[in-house]
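There are structures below to look over.
Next, two complexes with chain A in common: one pairs it with chain B, the other with chain C.
What follows is the complex of A and B.
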């Protein structure tokens, strides 16, 4: 018998995490409610005569995604901290990076699921014309989700065994979210304003670069965060 | 042939305190070390070092001749803890099958069935773990630890939560694994149970082995007196 490789074991871990989330639905529903509440609150606080929908919507969208995503990220290692399940995972003969990749894949599904509901809700509430920009907008969402999840998964693992995990995770992760959220918001603004996709390329390149750097660096650093 | 478990001058320091202070031991196939000691003596830390869950500050731990925490060494280990280490939202069967797949067993479902039957928990295996009693959870946890047929078993207070029937099933299982050639380290406060299983016994105090000897011929009552005198 030989243990599965990195990708196969990461897939097993991701599938297990998604099965747990599917059974409990606690984090997903919380994140969804938070997203929808944020969109509604911003909507009622908005003065359309002062700020146009196209100027406000990208900011609302990315603030919402950033904070709702943190709920899922915190939960991903919370299930391992419960009753010491992390030890059973660490003793298994799988590469430690597989734990990171598995958790990140499950977190990505979580964040994309929340985005999949919150984005149409935002479009409906703010009546922004997305038109033909849907595919590009979805591309921006996916690229940004990859970066947020990579950084968030690392810090969620790092803070999981601390007493103040709920507080430490946003404090540590949010500064690293900035290089992801900024180009994502800029690209979203251009797409919602009906500008040609080519005008967003510069922002998308920055987003892609940070995705690659963060995903690779976080995967390398992750095993060092696991020792007590 | 390399010893199944080998600790070479293991030291682990937490914030200036030496939780484990120069522990050395070696276990061959079919040997069992019962590790006794008061709370805070360093027993659990020693076990975590032997499991590769902690890195030693100095010294090294080897399993089947491979230095921990290499995956080739971890492959040999089954860990039973006083914590169940299970996912509450999943059923017992899903928990055990997940581990079987992580170890790359060729027939994970069959191995899961066999492990659950060995612990007499098969009929409750499809219930979410959160709905099981503590004792039943511990049986699932033991099934998870043995599903891949480990030849090194590390057990930290494994009798926690078990009723009489569960405790005797565990003793029988550990004895059977030892006779089949597994090396076992049991951390326990129960001298009688530990000595009944062990081929070697050690008492820890202040991160060190203050006594380490073959268990054969040890009288539990006399050993209890020795233990009390050493840890007083």
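What follows is the complex of A and C.
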């Protein structure tokens, strides 16, 4: 059998990760419940008569996604720790970058899955009128998720081999999430306030540029995080 | 086995660069305190400029050196590059801390607030977070090669991140003064202040070099000690 190319092997690795996750669903369910819990708890952290729920919604949404995303990312390389699975993956005849792309694709599916449930839940709980902004809002979600997952997957791989992995991942990754969470939250706020999409273009440009630069850069440096 | 007999240790010897740096810093502050007039509206509070701005310059210089040394390490695998990256990051965190401490001290009397979520303040704060994370990461990896490799990755990505943080925080309103010295139409500051200002920049850059040299000497000794422990 000849060695598959980058895309084909990345697809195989993503499918493997998703199959493992689908069998147990424990990480997905935990991340999902965490998101819902955060949305509910945040509601009671403010005085609803002083600050409207609709004004809180964008901030709550993005803080929630950031932390539930970290939970899924940590699992991504955690599953390879048992039975020397990572070594098996490393001796497989696939390009090293394919491991990154595959893991990132699986993580993207994971994060989008959580968002896909948590976003409607937030709209419901906070009684936010989204109206015609749904497509734009979903676009912001996807753009933000790509950047989050690119950087997050790299740092998850990096910290997986260290002690204190659970602690180090957020410490390293959160500063990198700033240029994602800030534009995403700002654009979400504008969209939920019924402002036209054009007002969010400056924010969306930052998101898009971040995705392109970091998806590529993380893929390039990923092999340096692997230990032979 | 490595010889550990009592030869004069590298870090105990006094570095002439350090002496020079201290002398120039003393001269720069002598000049700033006694020979440069106080600013008209801010009074003596403005003197903190001569610490704040040079420290900020050194902080950015230090992190630039860390990123470059890390990037070159990935190709050359030279241990000295990793020691340079490590030392520069540590010195950079110290200078960033100095920026973050002197900033509020200056901001309170002049702006009327200790802290504001202005573009450059926020950027500096995140710079500090990124490189503290970098140092924490270095601290938890025992293997020298692995530590250098991981640190290089974080150093490079950290440098890439800075323009993005800058862009996103810049879209917020800013209180921070626009460039006063480095602007196309020439400095908007009296010549006597500009001279002191550049004097302070030079002094801080020398201080940076001296600190990094001392820190690198320490790293050499630590590595020698590790080798001796493994070998013996």
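The definition used in the following text is that the second predicted complex is superposed on the first by the 227 of 228 C-alpha atoms of A that agree within 3 Å, B and C clash if a C-alpha of one lies under 4 Å from a C-alpha of the other, contacts with A are read in each partner's own complex, and residues count from 1 in each chain.
Simple rule for what comes next: a contact is a pair of C-beta atoms (placed from the backbone, for glycine too) under 8 Å apart; a residue touches a chain by one contact, two chains touch by 3 or more.
Fair warning: this is a prediction, and the values are worked out from it, not measured in the lab.
**Q** After the superposition on A, what does A:16 contact: first (chain B), second (chain C), both or neither?
**A** After superposing on A, A:16 lies in contact with chain B but is clear of chain C.
**Q** Does chain B (first) or chain C (second) touch A:91, or do both, or does neither?
**A** It touches chain B, and chain C stays clear.
**Q** By the touch definition at the top of the document, which applies to A:79: first (chain B), second (chain C), both, or neither?
**A** A:79 contacts chain B only, not chain C.
**Q** Which holds for A:175: it touches chain B only (first), chain C only (second), both, or neither?
**A** The answer is second: A:175 touches chain C but not chain B.
**Q** Name the contact category of A:154: first (chain B only), second (chain C only), both, or neither.
**A** Touch status of A:154: second partner only.
**Q** Would you check which partner chain A:24 touches, where first means chain B only, second means chain C only, and both and neither mean what they say?
**A** A:24 contacts chain B only, not chain C.
**Q** After the superposition on A, what does A:206 contact: first (chain B), second (chain C), both or neither?
**A** A:206: touches chain C, not chain B.
**Q** If you stack the two complexes on chain A, which partner ends up touching A:227: first (chain B), second (chain C), both, or neither?
**A** The answer is both, since A:227 touches chain B and chain C.
**Q** Just to be sure I read the superposition right, which of the two partners does A:33 touch: chain B = first, chain C = second, or both, or neither?
**A** After superposing on A, A:33 lies clear of both chain B and chain C.
**Q** Which residues of chain A are in contact with chain B in one complex and with chain C in the other?
**A** Residues 227 of chain A touch both chain B and chain C.
**Q** Going by the contact rule set out above, which residues of chain A touch chain B in the complex?
**A** Those residues of chain A that touch chain B are 1-4, 9, 12, 16, 19-20, 23-24, 79, 82-85, 87-95, 227-228.
**Q** Which residues of chain C touch chain A in their complex?
**A** 74, 126, 129-130, 132-133, 136-137, 140-141, 146, 149-150, 152-154, 156-157, 160-161, 164-165, 167-169, 171
**Q** Name, in rising order, each residue of chain A that touches chain C in their complex.
**A** Interface residues on chain A, with respect to chain C: 151, 154, 158-159, 161-164, 168, 171-172, 174-176, 178-179, 182-183, 186, 202-203, 206, 209-210, 213-214, 217-218, 221, 224-225, 227.
**Q** For chain B, which residues are in contact with chain A within the complex?
**A** 48, 51-55, 71-72, 74-75, 77, 79, 81, 83-90, 94, 98-99, 101-106, 128, 144, 148
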